[in-house]
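Supplied in structure tokens, the structure appears directly below.
The first chain written gets the first letter, and so on, giving A, B, C and D; residue counts start at 1 in each chain.
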Amino acid sequence: MSATLPPGFRIQRETNTEEFFINMGPQHPSTHGALRLALRMDGETIVELVPHFGYIHRGMEKQAESMSYLQYIAMSDRQDYLTAIQNNLGVVIALEKGMNVGVPEKGEYIRVMLQELGRIASHLVFYGCFGGDLGGQTCLLFGFKEREMIHDILEEVTGSRLTTNFFRPGGSRYDVPDTFLPRVKAFLDHLEGAMRDYERFLSKNIIVLERSVGIGILSKEDAIAYGCSGPVLRASGVEFDVRRANPYSIYDQLDFDIPVFHNGDCYDRYKIRIAEIHESMKILRQCIDKFPKEGAWRSKEKPVRLPVGRYYSEIETAKGLYATYVVAATTGEKPYRIHTRGPSFPHIAALNKMVQGHKISDLVTIMATLDPVIPEIDR
Amino acid sequence: MGIINYAPKILDPIPGGKYVVNLVDYVVNWARANSIWPLTYGTSCCAIEMMSSSMARYDIARFGSEVFRASPRQADLFILAGTITRRMAPAIQMLWEQIPGPKYAIAMGACTISGGPFIYDNYAVVRGAQNLIPVDVFVPGCPPRPEALFHGLLTLREKILKETCRHPWHVGRPKDVSTMDRYREAAKTWAALEEMKDEEMAEARAKFKEEHPDYKSSFKPIRIKKEELPEVPRTPTHKGGLTQSELFAKLHAKFPKVSVHTHSDSPIEEVVAQIPADHPLEVIVDFEDYLPMVEFLKNDPEFKMDFLIDETAIDYDDHFDLVTMLRSMEIGHKLFLCVQLKKDFAIAEEARPTSLLASVPTISNLYPGAEVKEREIYDMFGINFEGHPDQRRIFLDKDFVGYPLRKDFTHPQMIRRPV
Amino acid sequence: MYVPSVTHPIGDFVREWVPKLSAYLPEQLQSQTLDSIVAFLVNAVICIIAVCAVNIGSAPILIYMERKVCAHVQCRLGPMRLGWHGTLQTIADVIKMLFKEVYAPSGADKLMFYLAPLIVLIAPFMVAALIPFDKNLVVSDVSMGIPLIIAVNGFGVLGILLGGWSSNNKYSLLGALRSGAQMISYEISFAMILLFVVMISGSTNLMTITQSQAGTIADWFIFKIPVLGFIGFILFFISSTAEMNRAPFDIAEAEQELTGGYHTEYNGTPFAMFYLAEYIALVTNSALATTCFLGGFHAPCIGVAAVDNYLTMVPGVVWFFAKVFFMIWCYMMVRWTFVRPRVDQLMDFEWKFLLPVNLLLLGAGAAYIVISG
Amino acid sequence: MQENITLVQYFKRYLKRCITGPWSLICGLSVSLKYFLSPWKIVTEQYPENKKTLRMHERYRGRLEMVEDEEGNNHCTACGMCERACPNASINVLPTKNIAGKKVLGRYVYHFASCTQCGLCVEACPFGAIVMSPAFEVATTEPSSLEMILNKKEGQG
């Protein structure tokens, strides 16, 4: 049997039934991008799954070697494009460590607020895709409806809806306009009502419960071993959030909770993201109250030149731990090498562990709750 | 394509048949132009804007195009949303073949028009969808707004309305623009023009110089005033677990050969003490110590580094640096291990770019998450991992030649960055 | 010679006029048998045209309606630009699909591949012929109406199975197998509910069923038997949704999982047939629900003579279609609200919940009839 | 997940689900009904119809444009900062010599086809000679029209 198995499949088993192989992707509605999943099926039950990456591998790291640091910030937009603004921060913090510049208080508040808006936007997309992948198209539109309002705010502040390219070492590119705070406030008030509706729509729904409770369980040990992070890890019962564990920006001055659930199934991963939306709203409200009226929004502009060394930064994006590793071999504007650790990569690597013995429909649910962004894996 | 294209041949000779043909033509074109069903296809950022355009705020349904078909056989329109990589290209061509005619394609975003951000120094991206399939409408932007996509859709509508059964729709041909270097072409054209201009102007310039021997331009460019901003010091904070010095001391006790990156002559302990609090400690590990150390770090109750953040490599002239980033979930400290892998120069120089130059034991039995990371390093750098259960290329095709993240990597399709 | 009766006003009209017209024929050709045969044929043609017109005519309207309903649930506008508020959108879609290129995938069983959509279309057309649209407006008033409907409805699954199998695609095959299992299971509860209706009306003739709901709103079967009628209606609603393969029970199509299920490989006109069949089935199932539970073509009288007089002035066919469209709207709201259960859960639901409840309902209905006399 | 539960527990769960299940479905339906019945909650912006009122934000990054005064003169000195700042060489600043022999801007070629609209060029320009215009209706059937020459006149100097 082993001789006939396609590459990647490992499980050896004796069966009385005929196994067959199915390709999901690279063009498939529920693989969240250009990912190919090779499924080994026994009827409708998945025996084994092998992910095939690289359909959107764009050689970003090779390209970064001939780019300046500033240009790489623009490049990082295209990794996790759902929360480009968070990627920007990840890169910028690494550069700040190298340049040894700080950020004024107002700049930090701008950063945190945009971070949290980005997080809400990403989780709203998750809400939509989760519902949509289960078959409820309406959820998809509900999720995107509120997200558009965030993108309106982002567009007003940064000048672009998705690829923001906003943060710079020492602060950000612009100051926020005067309308920013009232707009965020109005948006939060709106979101509160909307989330009530949306949770009513999906959270307690018996079909959703049937399809997600006990599906795709990832144990605490497995989650750590595979290197999962973010909501996926926290749903498995590990209280790890970079905002708490290694606070960056001003997250140590803000009061918020890290929601943790313990079952590690699809429903917990759903609940945790909904809870995080509420936590982000809490953070945003605090920021609005504490937002400094006076003061600089950016430290003095300097050319982005890093001394020789290796610099590492990690932040918590909506998907999980986003780390940037910069190697500067010569002092100058260009990196020797930049490596990015995207949070989705380990999640997909752990997918095989989760789907074994489940149905093809469960695979869709599990994929939705992992909330991967494929370009961030492939880079 | 289809019965309607034969209509003129049959009906035109009949008196009044022309009007019938025109009428049918009008109706069919009207239907085609107004009922464009796109294919659910998207690879990256533009796909999100495509989704946005079908959502409540912008609502592509107003144009009758909300019927996103997952199967290419029922679609009319191929919105190429997102970067096209060489690995994806055959799939795209196949999808295009599967769409029944009349079919149209919109290239959405810079990547599908020209390669966008990935034109130069890139071995993986196809420079423009035109190389693969015929594209009807180009929507520039990165990514284009939903409104811009609608503008593209309306442009396509105009184009469809111009078709008649006398000039019917036909499959276009792809156009090879893959080696097009717009920057160098423009520079070259201009250089030729300049040469001509120099010749033409030589006299006039000489004359001008004679007439105005001490000519000074009145034009003074005005620099934009930048806002006065204060310098802000950075305050690194450390949280969780052992400090760098403690980590190093403990590790040094067990493995005396460890050291850190330094350019100064001061003792290692001092160098370690000077590392800012938020820089993780990166120690240089001896090759023999690597596997025992990872095992020790994972199981030792003082370290408990059970979480593999990442594993990556760096290519230098004569060696690779393999960096393993570890973290303790429970205690909270981080430790980076850097192993220097000497390149195997016994391999003939011609064979070096395509052969594995170094070898290191795998740690995927300790950290299952390392499996994919090591595959990535194998794929990108050509480092062999001994004992790896599934060492295949991960991002590139299995017949890809070379290891792209090596500094001496070359690829026939790669264009060097001009500036 | 046996000529089935066609009880609609046009039928009577034709039967009346064919002998009058045949009087103009040469005498050798005049005979009563010929007259009745001609009248039958003319009637048949008229009936076929009528059924086709109702079914095919309603499909674009329904597709438009669905697009608008889902748009409004999702806080958007839906088709807006073609005609007034996009009314011509579906017509453009249909014309476009008719003029698309048609081909079968390589390795497909061509005959079966093209036959399948036709088979799928047959079932709803046949059911439509049995529905009484008004007092005299029924194409074929057969006494075994309900058994015939049950028999014919089972036909649809054949088309889907054939289509999925002949496409030579694993997704199609999975979709077809899912659909086969689903439709055969739900057929049982579908039949049970109709049996319940037969039990309380005492007839399998659809006209009789409708007529036995005459009177006020309280005489409709949904309200006639307290609670039980309503439960029966809900069960019918669920099982007919599953019968039609509509969301949330569209596991056979399951765009997110199987990219389109059994019709993954279909394009152009054959796909349009599948697409239309889904909506035609929607009409016939809603009509069946209306006939069996919502009093058919009877006006919703409330027992107050002053109001009822006005209500009954409206022709029955208008009431009938009003109710049908209300039912369709209910189906659509359900479709755009709920997520899709998994395939094994769907089976669980049928065998562990729907069927026991159905049996209980039948028993309770029987008990009610015995007690109330 | 196979659990060992007694028959009583099984039936308890079964009955509980029979009650909570339909209730949760009704909750879901009530939300969709609420949205269906409130047309004022529709958020759709009708793009080609709202052209007159549609305004991009001030900072919106659309196409690159040159700042020109009334006579069509630009402020560009052909220093090439924007060219170097561009991540993918979408800008050619092609200098020429004017009649006095001084280096001025000859042609400012903008490859819109590959522009990623990151705005780094505008940030890098020391003289404010270029801006990102809010133009977004840029779709075309002709890719060659995406090669633009931004300056109408030669540079001053």
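Basically, a residue touches a chain if its C-beta (ideal position, glycine included) is under 8 Å from a C-beta of that chain, and two chains touch if they have at least 3 such contacts.
What you see is a predicted model; the values in this text were computed from it and never measured.
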Farthest from chain B in C-alpha centre terms, which chain would that be?
C
A count of C-beta pairs in contact puts on top the pair A-B
Would you mind checking which chain's mean C-alpha position lies nearest the centre of all protein C-alpha atoms?
A
Chain centre separation (chain A, chain C; CA means) in Å
46
Distance between chain centroids, defined by C-alpha means - chain A, chain D (Å)
21
Two or more partner chains touched - positions in chain B
55-57, 59, 62, 70, 117-118, 120, 142, 145, 417
Spell out, as numbers or ranges, the residues of chain C touching 2 or more other chains.
73-77, 80, 255, 259, 336-338
Considering chain D alone, which of its residues make contact with at least two other chains?
25, 28, 31-32, 35, 42-44, 46, 87, 116-118
Residues of chain C that touch chain B when the two form their complex:
67, 71, 74-82, 86, 88-89, 91-96, 99-103, 255, 259-260, 263-268, 271
For the complex, give me every residue of chain A touching chain C.
20, 22, 28-30, 44, 131-139, 141-142, 145, 201-202, 205, 207-208, 210-211, 359-364
Considering the complex alone, what residue numbers of chain B touch chain D?
56-59, 62, 110, 113-120, 130, 135-142, 144-152, 154-155, 159, 182-183, 186-187, 190, 194, 197-198, 201, 204-205, 208-209, 212, 215, 217, 219, 221-224, 417-419
Chain A - residues contacting chain D, complex:
67, 70-71, 74-75, 77, 138, 145, 148, 155-160, 163, 165, 173-174, 177, 197-198, 200-202, 204-207, 209, 214, 217
In the complex, the residues of chain D that touch chain B are 42-48, 54, 62-63, 75, 77, 83-84, 86-90, 92, 94, 96-97, 99-102, 106-107, 109, 111-118, 125-128, 136-143, 146-147, 156-157
